[in-house]
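You will see chain A twice below: alongside chain B first, and alongside chain C after that.
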Partner chain A sequence: MSATVQTQLIAGLPLLLIAAGIVLVMLLVAGSRNHRAVAQLTTLGFVLTFAACLLPQPAVGVTPLLLFDDYARFGMAIVAVCGALTVLLLYGYVESLGGYREEIYLLLLIAALGAMTLCAARHAASLVLGLETLSVALFGMIAYPHRHTLPLEAAIKYLVLSAAASGALMFGLALVYTATGHLQFESLHVAFSSLSSSADRSLAWAGVALVWAGLAFKLSIVPFHLWTADVYHGAPAPVAGFLAAVSKGAVAVLLLRWLDAAALQQAPALAQMLALLAVLSIAVGNLAALVQNNVKRVLAYSSIAHFGYLLVPFLVGGATAREAVLVYVASYAVMTLGSFGAITVLSEPATGEDADHLYDYRGLFWRRPLVTSTFTPMLLAQAGMPLTMGFLAKFYVLAAAVEQQAWALALAVVIGSAIGLYYYLRLIVVQFLPRPGGMRREGVLSETSLTAGAALVVLTALLLGFGVAPQSLLAGVTQALSSLN
Partner chain B sequence: MELNPWLLPALVAIPFVGGLLAWYSERLSLTWPRWIGLLSMAATCVIALWIWKHADVPGVLPAADAPVWLLEFKLDWIPRWGITFHFGIDGLSLLMVLLTGVLGVLSVACSWREIQQYVGFFHLNLLWNLAGVMGVFMALDLFLFFALWEVMLVPMYFLIALWGHSSTAGAQRGHSRVYAATKFFIFTQAAGLLMLIAILALVWVHHQNSGQWSFSYEDLLHTPLSTAQEYGLMLAFFVAFAVKLPIVPLHPWLPDAHSQAPTAGSVDLAGVLLKTGAYGLLRFVLPLFPAASREFAPIAMALGVVGILYGAKLALVQTDIKRLVAYTSVSHMGFVLLGIYAGTTLALQGALTLMLAHGLATGGLFILCGELYERLHTRELGSMGALSRRAPHYATALMFFALASLGLPGLGNFVGEFLVLFGSFAVRPWTTALAATGLILAAVYSLYIVQKALHGPAADTRPVEDLTAREQAMMAGIMLALLILGLFPQPVLDLARAPLSQIGHWYAMGVPGP
Partner chain C sequence: MSTVPLLHALAVCALLFALGLAGLLIRRGLVFSLMCLEIMLNAAGLAFVVGAARWAEPDGQVMFLLVLTLAAAEVAVGLALLLQIHRRFRSLDHDVIARMKA
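Now for the complex of A and B:
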């Protein structure tokens, strides 16, 4: 084995480990069904992948499709952590779901493989490949409780709209290819700036606009957000958390690398359009969340608003803005997994509906103090309270906007946050209000409640730990970004 | 004697840890959380007095252009942004910390009988709120200041939302305590985010000039700003503090929050949280943006006068005794605003004294309102009457604080208002003259409470329990403090003279370069 191949194999270790995990889980399930063993094996796979991402290595390109540098490893590490925590949340959930339990871990691993591919992609082909691997696995995960109607409906909705978005994306890529003759992203940058004829240029920018449209669907930016509330509502709670954290996060990581402000500067019309969409997302997300009585739908609309905030650093550009995107992705992953984790713990999946009505949460603090102790910080973080990761994210977004003197966007973030407070507070306070009928301690100690509890404790520790002492996270972000340019 | 710098973080840490202990101790006994709360707040008072006794208080204005701290504590926090964990205390901060400690003790004491539900969690919120306020009064890093500024809101939100009253007047309009709490939170946090943008912009300008990221107060003092930049940033800071103070027209959260909050929450809000707004103006707005503040002063002073008269006017038409007291706060804070923007040392000292006296007197009034509610289960002035016969001790206390509130000479409020008017008259005679008419209205609404609640025919014949020993001790303590502040204000004025005259000097002349 030559030295080059060896470095390439080592660099590709995270992907290889996940792929090996997929094969092993498949073989194990084929041999004998053992829920606990499969869950343990999956967790081990994610933990090993996470460890492999932490190994210090040089930037290595593997084939023209993939590039493993610190930036990719940062994204893959987030995906691996989210994957491991999702396994812990899923374990109790599918245990009580009944039916075949083990395949969801297979789907989870495949989805993670797709997300990691996105983080490392440097070619249109690997982008499409990663995105489709992720989406197809997610269809299966959303519809996993297939005896119930809501998940099925959600999966179909996601499937149809996702296919349309993929169509737009691929059409856009084709246009870009027609105009420039390149599919590898590194050479696209140069090719764009050297386009001579205006016809080619407009073709290329039409293509980029379509690519943005396709990816904006995944990020649920207005007006491509219509699927969000229904899918979050219908999907099983742990899957919805994974979908929100990983699928959106990986797409944002990909976008930052290839389609950030520097690329947009050449097409001011597109940048202005996106700025408008950012403001619209903030407005629509926050206003629609105000009138929801379903906790999952509130979180869905709030995620639309969050990705409106996230678009701000994309648009303003600059060194701080790039840090802002990564900090936001990491923080959002923790906050949203934690929120859906709390819903997971409260749900009884056998009934066909998760615990997502506002009424289910009345008096929760007195009945399930540990769940509330997790859920409240998660919601406060989403509202941007200091000493949590959520504030760190908002701090970075505002810092990026102020640095580029984008006052209008900064003001939109402030107004959006102020509106957002209302529904986060409503969700928080209801957990403390007395519930007629029962205020006794609920919840039993069992293996399944312990695994989910462990996930919640880890998430809360991350949320507050990085919120109070963010230095190590920021160092990781800086290192990841230093490999770009 | 060398003071230990760890005393400053201890002022924040003691209530914080005390809160956790109080929460946990609930399962042992319901009395434990109360004692833990009382002792931790008493401990902060002792620390503050200890610092006062042993610190080297400068007698004259320090010649240096850098601020002088009695005690400082500094640790690196987030080097990427030049953020430090930096507490510092001078005479001004020390007095505010002491006020927080004293009102903290009173808040715990006045909840002894009122709060019977979720006792541990109540004290957790109360103590964490006070811990945040302590930090706000000492923070010298703008990031730290902002973090604590926001963090102290969450426990306050819970105090109002969970232990508040749903007053009959409020309920008719569909205004529950949750509504009041949410309104309070959104007002303050939205204004706070505006301040965050201003902080970031200030830091960014500093970075452009010096190449250093820093959130440190002392570094940012010397940031050169263009006129437009300075005015814009000043306005953003001003709005954030104006909501807290509150300044008309940013006050609508206050009457709702006050009248719906539990007694301890009202004491805490009126006594301490409003003061964070005034403190912010003194510590940050005037020194950081002196030129823009001078330009803005006529508007701010006019807003102060509007607040004085409008607050007093609205107080006059209230029938709910707690709402009435809440509106008097708006009126009194107008005097504070007037004094701050007059900017003479005399006026600033008056504003500070008035802040302390208002904290004590209004705290006392709110406690009395709470006690009345425990006894009569109503806060409507119309359903009281003849309390002077039915509960003479209670009536004496109410009379005393009503007189303090109208500015009777010999009590702390008089010293404060007198100094504010005296100090402002030299700067803006007509505005000051107009403000002084507010004192007449103050006499009217204070005596209106006395007349309605204490005299006249009784609304019913039920016997009213007079003050218990605990309540008498609390009242005696506040009365004594107000008398001392009214008769011997000199030690207080001396303690804060150096920082206040320095702030006044910067405000008048601008901050000299480093």
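Now for the complex of A and C:
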């Protein structure tokens, strides 16, 4: 084996490990159905993948499609951590769901493989492949409790709208290719600035606008946000958490590699349009969340607002802005997995609906004090409370906007956060209100409650740990960004 | 043999894409939704072929094969979902299935 092939194989280790995990899990399921063994194997796969992402290596391009640099490894590490924690949350959930349990881990691994491909993509082909691998696996994960109607409705809505968005994305990529003749991201950057004829230029920018529309759907930016509330509501709680954390995070990582401020500056009209959409996302997300009585829908609308905030650093540009994007992706993954994790622990999947009504949370502090003590910090972090990762993320977004003197966007973030405080506090306060006839301790200690509890404890530790001492996270972000350009 | 002008070819792609999108918005049946999605994805594939013809490269045609495969995967999962939906709801109409309200 030649030296270059060897370095390429080592660089591609995270993807290879996940792919090997998929095959192994499939064989294991075919041989004998053992839920615990499959869950353990999947967790092992994610842990090994995470370890492989931490190996210090140079940037290695594998074929024209993939580039494994520190930036890709940072994204893949986040995906691996989210995957491992999702397995812990899923274990108890699918155990009580009944029916075939093991295949959801297969789908989870496939979705993670797609997300990791997105993190390392530097070509239109790997972008499309990664995005579709991720989405198609997610359709299956959302519809997994197929005996119930809500997940089916959520899955078909997500499928139809996501496929339409993919269609727009691919059409956009095709227009860009027709105009520039390049499919690789790096050469596209050069080709954009050197387009001579005005017809080609307008063709290329129409293509980029369509690509943004397709990706904005995945990030649930207004006006492509209509699926979010229904899908979060209908999907099983751990799957909704994974969808929010990984599918959106990976797309944001991809966008930063390719379509950041430098590319936007050449089309001021598009940049202005996106700024308007960011402000609208913040406004619509926060205002719609105010009137919801369903906890999953509140989290869905709050995620629309969160990705409005995340769009701000994309638009203003600069070194701080790039750091802000990665810090926000990491923090949002922890906060949203933790919030949906708490819903998972409280849910009884056999009933067909998760514990998502506000009333289910009344008196929770007395009934399930451990769940409340992890759920409350997650919600406070989403509101941007200091000493949590959520504050760090908001701080970076604001710093990036102020540094580039984008006062309007900074103001939108501040006002949005102020409105957000109301509905997060409402969710917290209700957990401490008395519930007539139901103030006794609930919840039993079992293997399944321990695994989900372990995931919640790890997430809370990450949330507070990085909130108090963010140095190691920031060092990772700086190292990841140094390999970009 | 004369070649098809670039603009005409792209106009056909855009028309196909718009037809698919319009069908997706207007038709109420889920099977029709899947067919309209297929039309939209094929419009994207055709646009890749147009690009490949312009630059005389095979890259765009490879992308077309990729689009075709992905569309097939998406529709396969979609049809599996339709079977389940028909079993639970006894209907494939958008309005019957949409029960979640804000």
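Quick note on the criterion: the second predicted complex is superposed on the first by the 485 of 485 C-alpha atoms of A that agree within 3 Å, B and C clash if a C-alpha of one lies under 4 Å from a C-alpha of the other, contacts with A are read in each partner's own complex, and residues count from 1 in each chain.
Everything below uses one rule, namely that a residue touches a chain if its C-beta (ideal position, glycine included) is under 8 Å from a C-beta of that chain, and two chains touch if they have at least 3 such contacts.
Please read these numbers as outputs of a predicted model, since none were measured by experiment.
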First, second, both or neither for A:140, with chain B first and chain C second: second
Touching partner for A:398 - first (chain B), second (chain C), both, neither: first
Chain touching more of chain A, residue-wise (chain B, chain C): C
First (chain B), second (chain C), both or neither touched by A:65: neither
Chain B versus chain C as contact partner of A:380, first or second or both or neither: first
Which of chain B and chain C A:149 touches, first, second, both or neither: second
First (chain B), second (chain C), both or neither touched by A:175: second
Contacts of A:128 with chain B and chain C, given as first, second, both or neither: second
Touching both chain B and chain C, residues of chain A: none
In the complex, chain A residues that touch chain C: 124-125, 128-129, 132, 135-136, 139-140, 143, 146-147, 149-150, 152-157, 159-160, 163-164, 166-168, 170-171, 173-175, 177-178, 181, 183, 203, 229-230, 233-234, 288, 292, 297
Complex contact set, residues of chain A against chain B: 365-366, 380, 384-387, 391, 395, 398-399, 402-403, 410-411, 413-415, 417-418, 421-422, 425-426, 429, 432-433, 469-471, 474-475, 478
Of all residues in chain C, those that touch chain A in their complex: 6, 10, 13, 17, 20-21, 24, 30, 33-34, 37, 40-41, 43-45, 47-48, 50-51, 54-55, 57, 59-60, 62-63, 66-67, 70, 73-74, 77-78, 81-82, 84-85, 88-89, 97-100, 102
Chain A-touching residues of chain B, taken from the complex the two chains share: 77-80, 118, 121, 146-148, 150-151, 154, 157-158, 161-162, 178, 181-182, 185-186, 189-190, 193-194, 196-197, 200-201, 204
